[in-house]
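Going in written order, the chains are labelled A, B, C and D, and every chain counts its residues from 1.
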Amino acid sequence: MNSFLLQINNLEVNFDTRAGTVQALRGVSLSIAPGETLAIVGESGSGKSVTAQAIMGLIDVPGRISGGDILWEGQPLTAAKVGARHILGKEVTMVFQNPMTSLNPLMTVGAQISEVIELHLGFSRQAARKRAVELLSLVGISGPERRLNQYPHELSGGMRQRVMIAMGIACEPKLLIADEPTTALDVTIQAQILELLAELRETIGLAIILITHDLGIVAGLCDRVAVMYAGQIVETGSVYDIFESPSHPYTQGLIRSTPQLDVKDERLVSISGTPPGLLDPPSGCAFLPRCPAGDGGCDKPQSLKAFGAGAVACCKAGIDAWKEAV
Amino acid sequence: MLQFILRRLFQGVLVVFGVSATVFVVTRLAGDPVSLMLPLSATEAQRIAFAQQIGLDQPIAAQFMRFLGDIVTLDFGNSLWQRRPAIDVVFERLPNTMLLIAAGLGSAVILSIPLGAIAALRPGGLVDRLTMSIGLLGLAMPQFWIGLIAILIFAVQLKWLPTSGMGTVAHIVLPALTLSLTPLARFTMMVRAAMIDELNKQYVKTARAKGLGLPRILRVHTLRNILVPFLSISGWELISTLSGYTVVVETVFAWPGLGLTAVQAIQRGDLFLMQAIVFVIAILIVIIGIVLDILSKAVDPRIELN
Amino acid sequence: MATSSTHVPSAAAASGLRGAIAELWQDKAAAVGLVIILLLILMAVFAPLIAPYDPAAQAITARLKPPVWMARGTWDHLLGTDNLGRDVLSRIIWGARATLTIGAVTCLLAATLGTLVGLWAGFAGGRTDTLLMRIVDIQVSFPGIFLILLVVAMLGPGIWTLVAVLSMTNWMVYARLIRGIVSSTRQTPYVEAAELIGCKPGRVIFRHILPNLVSPLLTLAILEFTNIVLAEAAVSFLGFGVQPPATSWGLDVASGRDYLFIAWWLVTFPGLTIVATVLSINLFANWLRVTADPEERERRFARAEAAKRRRRTRGANA
Amino acid sequence: MTTKLLAQAVGLATIFACTTVAPAWAQSITIAIGSEPSTLDPQLRDDGGERQVNDNIYETLMARTPTGELVPGLAAAVPTQVDATTWQFKLREGVKFHNGEPFNADAVVASVTRVIDPANNSEQMAYYGTIKGAEKVDDLTVNLVTNGPDPILPSRLYWMKMIAPGYSKDGDLAGAPVGTGPYKFESWNRGTDLTLVANSDYWRGEPEIDGVTYRFVTEPGTRLSGLLSGEFDVITNLLPEFTESVPKFAAVRSLETSVFVLGTDNEVTKDPKVRQALNLAIDRQSMVESLFMGYASVAKGSHINPAAVGFNEKLEPYPYDIEKAKALIKEAGAEGKPLVVVGESGRWLKDREQIEAVAGYWAETGLQVTTDIQEFSQYLESLMGDGPRPDSIFIANSNELLDADREMSFIYHKDGAAASNSDAEMAAMIEAARTETDAAKRKSIYDQIQQKGHELSYTVPLFNLQDIYGLSERMEWQPRVDAKMIVSEMKVAE
């Protein structure tokens, strides 16, 4: 059981809004082993970012964790926030989507990196700065000594994301959660950042949770994929299985709607409709209204069941749902 | 930096010029300074002599030039009430006003930051609601009223503090307290709102994800980030206090500052003294503005000084 | 994040006046504030009908009568009488007229002037903008009350002097607000488009920009109103504002302060009225501001929910 | 937060220190006065704050007893008249100024010469306009010469403070005064307080109270709070209402008489019937009781101070007869006609209350009364300016010299600054009295003038006011009718 770094069981997160309670996560379970790279894929609003925030203890009013638990090496993370401090930020760290706003604009880059080193590793200020310089060159920033004294607004977006990553790996964490780390960046920079992540995974032996809506970047980097839809995981599996033989109609749709360079004459599908509102989610399969293969039998609760090498939450798992649509 | 200061100083000169023009219009064109300033027993000859002395017999443009010239040399004429240069009276009373403002606004600044921050930690919580209620009440109470009630309670009933005047440290407590209440309320609510705003920012999530505790985030990260808006609001408050509230508070507590002097000058028709006060305060406001801009730059490197 | 994308308006977020009232009722303080504001307005409008006495009517024999609940109090004068035997309640009711009139007229004048300058600066841009905003900067640096004192000394005190001076010292904040909104609205695509297809400036202002100004302008005017009320009270207190026999709450506090030790009600009731007025307006304006801002509105709701839940758990634990 | 606490701690410590130190200074008192002296030069300004302090530092040739009787001060005896325009003063021997200079004829000459020197432009010239100069006869004898006959010269010299001739040349008269009086100047923190200490070499013997600190507190309410909180021993201008709240108080008839001056050439008030009606319409006794709680008396038929030389004690005030007043207004055809009542606020005891109450009474006669409370400078313009005379204007007139001439010249003489009539005959009588050295004749002229002014209702006299002083428990003092606050006449009970 303790072979997993992180285990999430049946996590539920609700948001209280004036319109009612929004069920953002509806029983999410997943786990990640040391050194593993897991991609969480889904549309915006599917709950992937909320999952990451729940792990990092960043769910704020109006949100709240209303059920389930998060275990770090077998110990609950949510139970005692104070006790979690030397896990969060040291062993589990996170890189956010928008590097423009994720850094404190009024602190030098150096101070922001040193801070975490001083806090978790008890380094002196001098030692922390030295380490920060190393980190900056490790993430590929040239002239690190000079950069230390600069403010975020003096750096480019890609540079800032590198700083975020440097901060993320400062204490040699076991798990790095990257929440859409490249979405806000130019395409060329995106590739560099992904490359950096891949490199770091090798050099440090880091486990990574990569959250993205872009299947394209998953294939090269990840070992395993979890697909989220409407606050639930609808399919998990190895990256190979997911791409080669997706079992859930939604996963199939996702892959079929992404252009792939190596397949000729492929017709792209588009998934019509929008995800269901989570104020009052359907009790049955949430994908039903958009699913080309759905029928009356789908109108019952779906849970993640082993299917092939992975797991799928669909009573029609495995059928080629989009055959008709193409 | 130097260029900035020069530019701001030039702006300051414009402000002082604007104030001069206004004061000139108000005093020379809207009313009759001679009948205001001379005792009514003055004879016609005295009136004419006085009008000549302050240059009223010259054309308006010449009067204005002379008026400007006097201002440049800080020569506002003799106070009619005190019979010595008006500017001397101003410089004599100015430190008292500064002392009162320093004590009043200083305590407001020092108290408001922790209060606002604590309230922001849990918006809607007990502390927050308490702070907000007191803050709203503080904003709603006229200072002259607070002052009277404070005298009634602390000086007359409890006899803890003196009622009026200046001298010992005890003398400053009640006026400073009265002066501080409105700014304290305003600062606290501002700190709270800015803090809530700031705590919702992405970089705070980053900081939390780094494993920093809230106290440290408040202290190291957000506090500095609200400092710029805080500086500007406290500068604004300093200016409004300097040019407003002190008059009321000094009157209520007989605190011998510029505000009380201004009221006395008006009651005695001492236009020269009043002009000197208005100008010195306008100049102070300009200086405060420049200092604030430089301070803001020191806190927030993103601010361009221009 | 998740909320904004999954949020679907439902019947609970009712629209229209009824919905607004229902939502206001949730915030008891703001609701009370609004009621007090309405009462004050009614008081001011119907002062001659409501006030039991002429506010200036003296009764030398009935001087300094305490409020009705005190030993010497009588039902004739609910809140007692002042040093000239004038009815305190009637003076407060009539005082509402002076205070609200001064506040409203000043706000109106200042807002009009400020809006015009702001529109002009925002639209003309360039040098005109710089020049106008520089004038605003200069005006802001004017030493407020001292200038008022100077003007009053020259022109003599009175309601209209006060209104004029207060308007002249308060329009700048409107100009800044309006100019800021105009210049940012001008850069939005729809206004650029409107200008590109040749809409006349007047049309652009009225159709596209003014609607964006109404809400912030209203909120600002309401908040400024409280500042005017306090300023009027302060200047009248100093004896340079409203002059007898006219009434004003600040003036009443001023004339009552000599009697602070034997007739506390003279200072207390007009003072409390000022406090209640400003407090009510602030509470209501605060609610209005939050309600006009969808994000703040959500947050307010969530906080209330969280607080309720905390209370519930605490109750359950106890 | 710490700073604030620290400040409070220091504050409390200071208060504590003050209270523990207090017994050692038991013989020192604090007096709160309404306005700060603008200068301490005793000869330049006509300034209440300056007088309240300097009356204890300086002395005058003539003095008054607490009840107002004119007696010799620095003069050894009442002056003798050498001729119509020359008065001879014998001086007291052995008096010294605080700086050691002797008080002698030279000092008197220097004092007189300085105050009447046009270059000094003294505001006090209103009192000394008749004085031509002073001549030294011998070391202790001086002759004062007037421009014409001046029967009230001795009264004038009760006002003129004697300065040290040497110090007036090279000393700081305005900031650090030197006199012959029972108290010596110690220090002056401008804006805050001023301290005097007892003059141990005072020629009448060292005064009982060792030191006195003056505090300048404009607001009557603040003065009262200070008295109630124990900071002050004496406060001025206590409101009658507070006589029951303060530890002790002392009341004395003041120099002030409140009066409305009527415009005898104005549309409505030119009719003597209207003016008489205005006099009849006021229930003065009821105002004394309710407004002043008895601490005032109804003025007897004229606005002349009852303590002044020349007061006509035979006149009786108009009774309160509203019916007759209404009838007179009707008779004059003035019903519904406008009457403007001009006044100010905050300068004199219950000024606004008096004005508004009287306006209320007058409104009952059938006139259309409007009250115009003006800002002080504007009010002064209305009272003494060159513009049209107001229908009626309020003033609480003060008579420092306690001689009828002052109020006559000011209000009855058609050219007087505050006069609203054009009665040339009355003006001639006032001028005649001014130079009449025969006391009895002079008195009879004044009686006639007052009789006439009363019958024609040139003014509406209201009240002889009283000065009420608030005193701390330990103070014992009977204030003077001339409103001087002589500290050497005060006592502290231990």
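By definition in this document, contacts are C-beta pairs under 8 Å (C-beta built on N, C-alpha and C of every residue); 3 or more make two chains touch, one makes a residue touch a chain.
What you are looking at is a predicted structure, and each value in this text was computed from that prediction instead of being measured.
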| item | value |
| --- | --- |
| Selected pair, greater C-beta contact count between A-B and B-D | B-D |
| Centrality ranking, top chain (CA atoms only) | B |
| Gap in Å, rounded to a whole number, between the CA centres of chain D and chain A | 89 |
| Chain B and chain D: spacing of chain centres that average the CA atoms, whole Å | 38 |
| Separation of mean Cα positions, chain B and chain A [Å, integer] | 53 |
| Distance from chain D to chain C - Cα centre to Cα centre, in angstrom | 46 |
| Contacts with two or more other chains, residues of chain D listed in rising order | 219, 221, 225, 228, 377 |
| Chain C residues counted as touching two or more neighbouring chains | 152-153, 240, 257, 260-261, 299, 303, 306 |
| Residues of chain B engaged with two or more neighbouring chains | 36, 123, 148, 151-152, 156, 251, 263, 269 |
| Interchain contacts, given as pairs of chains that touch | A-B, A-C, B-C, B-D, C-D |
| Chain C partner contacts - residues on chain D that touch it in the complex | 219-221, 224-225, 228, 239, 241-242, 244-245, 286-287, 290-291, 345-346, 352-353, 356-357, 360, 371, 373-375, 377-378 |
| Residue ranges of chain A in contact with chain C within the complex | 13, 15-20, 22, 24, 44-45, 47, 49-50, 61-64, 277-279 |
| Contact set on chain A toward chain B in their complex | 53, 56-58, 60-61, 82, 84-90, 93-94, 96, 98, 101-107, 115-116, 119-120, 151, 153, 164, 167 |
| Residue numbers on chain B that touch chain C, as the complex places them | 11, 14-15, 18-19, 22-23, 26-27, 30-31, 36, 123-125, 136-137, 139-145, 148-149, 151-152, 156, 239-240, 242-244, 247-248, 251, 262-263, 266, 269, 271, 274-275, 277-278, 281-282, 285-286, 289 |
| List of chain B residues in touch with chain A within their complex | 123, 200-203, 205-213, 216, 220-221, 224-225, 299-302 |
